[in-house]
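Take a look at the structure below.
The first chain written gets the first letter, and so on, giving A, B, C and D; residue counts start at 1 in each chain.
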Amino acid sequence: MRRIGFVGLGRMGLPMAQNLARAGYEVLAWNRTPKEAEGLHPASLEEVAQTGLVLTMLADDRATEAVLPTLMRHLPPGGVHVAMSTLGVPYSRSLWTRHREAGQVYVAAPVFGRPDAAEKAALRVVAAGPGEKLAELKPLFLALGQEVYEVGEEPPLAHAVKLGGNFLIAAMLEALAEAYVLVEKNGVRREDFYRVVAGFFRSPVYENYGRILLERRFTPGFALKWGLKDVRLIAEAADTTHTPLPLGHLLLDRMLEGVARGLGEEDWTAVLRLVEAHAGVEG
Amino acid sequence: MRRIGFVGLGRMGLPMAQNLARAGYEVLAWNRTPKEAEGLHPASLEEVAQTGLVLTMLADDRATEAVLPTLMRHLPPGGVHVAMSTLGVPYSRSLWTRHREAGQVYVAAPVFGRPDAAEKAALRVVAAGPGEKLAELKPLFLALGQEVYEVGEEPPLAHAVKLGGNFLIAAMLEALAEAYVLVEKNGVRREDFYRVVAGFFRSPVYENYGRILLERRFTPGFALKWGLKDVRLIAEAADTTHTPLPLGHLLLDRMLEGVARGLGEEDWTAVLRLVEAHAGVEG
Amino acid sequence: MRRIGFVGLGRMGLPMAQNLARAGYEVLAWNRTPKEAEGLHPASLEEVAQTGLVLTMLADDRATEAVLPTLMRHLPPGGVHVAMSTLGVPYSRSLWTRHREAGQVYVAAPVFGRPDAAEKAALRVVAAGPGEKLAELKPLFLALGQEVYEVGEEPPLAHAVKLGGNFLIAAMLEALAEAYVLVEKNGVRREDFYRVVAGFFRSPVYENYGRILLERRFTPGFALKWGLKDVRLIAEAADTTHTPLPLGHLLLDRMLEGVARGLGEEDWTAVLRLVEAHAGVEG
Amino acid sequence: MRRIGFVGLGRMGLPMAQNLARAGYEVLAWNRTPKEAEGLHPASLEEVAQTGLVLTMLADDRATEAVLPTLMRHLPPGGVHVAMSTLGVPYSRSLWTRHREAGQVYVAAPVFGRPDAAEKAALRVVAAGPGEKLAELKPLFLALGQEVYEVGEEPPLAHAVKLGGNFLIAAMLEALAEAYVLVEKNGVRREDFYRVVAGFFRSPVYENYGRILLERRFTPGFALKWGLKDVRLIAEAADTTHTPLPLGHLLLDRMLEGVARGLGEEDWTAVLRLVEAHAGVEG
């Protein structure tokens, strides 16, 4: 039985680690605030690193950086760090350089899917890294999700793809929110509009988000403050490559407004509240 | 065999009229520039109106208004006008008022789908109007498409829904174009990104547009100048109801730029060229 | 003593008409809701038109159009209509055509300045029309303001210049509002920022608006709903000429939000309230 | 004669240092690439720091950080660092903390004005720091400029004010560029519009920028790449304080586009070229 390390037992990380345990891995798990969880073996960061194969699933660049020196110090030569969080492209690039200089292997494998998908092992993994390493890791990824997309040898590419995808989702969310309010101000019942949208796009993503917005369920699956974090990373990826991104910056203003107005802990679909407020509509 | 009138034999109207003929209707058809077409009976606007059931599928508000006085004069009392074009909400409202005052029935039934869907009778019809009239027209609509969505008794609602839907599509197009350029500037191959997007959204609409953008096929299915027309109607629906619509106005600027730069006759997916130009990327 | 007609005795029109009376003109004045005012002779639209020189100062295109047929019917051949309101460029063009076809002269002469400037005869007049007619009208314009700018023979040019100018003012207002909130969120006292801005730009316009924003005096000099009207005309001038105008559309969204939230009757500097609300700042 | 250190002899720093020499200071000057200049004494960073009063005028945060460790090491206890560059607020905050911890004094004193104003000692200094220190430095500041604005005891406030001011200037530039193109597409000659704008705002800043845009003089006074740098710092100040800044982000996209298209070395007024290109207008 392969022994691996897992760092970060949050809303995403916990079910992921447990799915790995269920798939037969011996999972040494570490969380900032210690957590007991069925199937996982609590361990120190050192022990986690010493397994030689560490997966990190942490909130952001900063949380990853907080554990990195310890991980790097204890990861054996040739050891592998698989970063599954949504990280910034420049930060991912720095991880790549540092691990390489330390004789370690860095793989980027961020995932698409909300916590319910993590639980059902229905994530989609976007992976980039050395070809043979990706091949080796494929069974592990398939224990987490239904699909693995390999996008190249350079790890930061996977994070760029992930951010591009999140940009599309955030854009869809903004578009849906504006559209709901627009058609309603023109007399349309939102549920009528929803039926047409669902029928037209025939996408589970539109159906899911469209319904959440319709039902105004703003209890967090994915908190707006994390939406802001992602949009910041998207803006960073644009800024550092001199890419104008007007829609991306519109999303950034929306998320900044959400947090400024105290909606940071609600689900990011709560942007609907902002669109409604601007239009003088009672939600 | 029911005899009906059809006005407007463009890229959408022609296959629609022919599908009706194929479904057993006797179609008296009129086009501004006369057109012979299999299965259709060329007729004057007067004759078309005298059938008592007239479908219009014209470019815009103005083209509809150009035929309206003649149609109204010759449509018998109780006669029905089904406006299938994408019209502005205020203009749709004026059609409603005028037909009612003339003792005529006005039904709005705009459609989703590009010319290839029109040919395959695979359109989606969004209908609004008096309930019994919609019931009566349902078989006719099903000869054009696979699905009919009824959204209320007031005809302009259907046009509002149609514009809301087009807004979502145009927003998706902008988001895809910005995303392709963003990830590419970060080193990603566009086709790698496409695979992930297609897998994630699992929507034929994303697949279709994503592929057109990937292959840079800008030969018009739906010309950018018509995209501008639609986005103008969306902005009008926002403006007349005091609805801020930042994403809608971003799309308006994009389409204005497209036409200003001479891309009006290309497919509206050519907004990708603009996004590339802003980012200093050779297409 | 020259006898002239004046239409529209609102916050701007009334002091303008009175300044003309004070300058020695016999002013036959008409207002939609009749108004007694010192120095002015109440008159019917017909009488006003029969003077042969009519100045209009009305809220917008629609209010102008409401009086136009009567004015045109009674304006003698060779009679002059001077449109001093801020009108849309396409509407100004239509006035030009119609007066020309009626053998009448059309001059556009919109003004810069708020009601206090109108009272002090300190407006700035932007005039366009036939050269000899502008020369003839110059003394009249100088009774209203301190400066006359001639911008060409085609009257709509003056309205285009006026809209371009209003665009700059609205943009300055948005910039000031965003800047005040930005520096305050970074710890700066707004009055400290104001002193620097006033010192740097050395412009009475920045001083005036900067101070109004600082003191939060939102009692209308120029109501936000009229700001919306102007920004709509600016957007129309962009739209009809295929000019992308991202900053203009940002202003449009801001004004739409203001009216949607019930601030239409406040001074348009109340956009500051919106900027504050978005940033979670108590005003 | 007071002996001081000056770091950074670029287009702004050189004339500033020379004005100080002319005002009677003994100026020990350091530049990354050594530079002989009348009135200045070339010195090492160490010597510069040992004077006990060091002014830095460097391109950005990074260039300042490059010299900081050496400066801090050699600045005597109680020594003063006056940062005159336009720095980011978070970076300014970090300088404040670090100097304080080292027993040194940090004063922020960024300036408004382009190189020609620096030469004429006509800058405007925005200063923040301990009150008695600002009083002491006032004569020095007045040797550089005509006006000193004190905005508080906390140094980062001065950088926040400076960024807020630059935001207003960049916004004015965008507004002027859009306005010129808008009125021209409506038939107006740009110079006619310029006369009206200059007359209305009565601001040397509008006159100066309006004329540069009119004459299309894009030889750099202030290079577009530095405009991008400033707008990035503005966006950072918004981001870190959760302040939506739609106009700021519009400016960011504009500057990113400018650099992406190879205009980074032109004057930042070259944004006009971009506005023209979007509108399909030949410059």
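As a working rule, a contact is a pair of C-beta atoms (placed from the backbone, for glycine too) under 8 Å apart; a residue touches a chain by one contact, two chains touch by 3 or more.
All figures in this text were calculated on a predicted structure; none of them were measured in a lab.
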item: Fewest hops from chain B to chain D - one hop per pair of touching chains; value: 1
item: Of B-C and A-B, whichever chain pair has more C-beta contact pairs; value: A-B
item: Gap in Å, rounded to a whole number, between the CA centres of chain C and chain B; value: 39
item: Separation of chain A from chain B, taking each centre as the mean of its C-alpha atoms, in whole Å; value: 36
item: Per-residue multi-chain contacts in chain C, two or more chains; value: 238, 242-246, 250, 253, 257, 260, 278-280
item: Topology of the chain contact graph, where touching chains are joined (line, ring, star, complete, other); value: complete
item: Complex contacts: residues of chain C adjacent to chain D; value: 89, 112, 124, 126, 147, 149, 151-152, 154, 156-157, 160-161, 163-165, 167-168, 171-172, 174-176, 178-179, 181-183, 185-189, 192-193, 195-197, 199-206, 234, 237-238, 241-248, 250, 278-280
item: Chain C-touching residues of chain A, taken from the complex the two chains share; value: 246, 253, 257, 260-262, 277-281
item: Chain A-facing residues of chain D, complex; value: 232, 238-239, 242-246, 249-250, 252-254, 256-257, 259-260
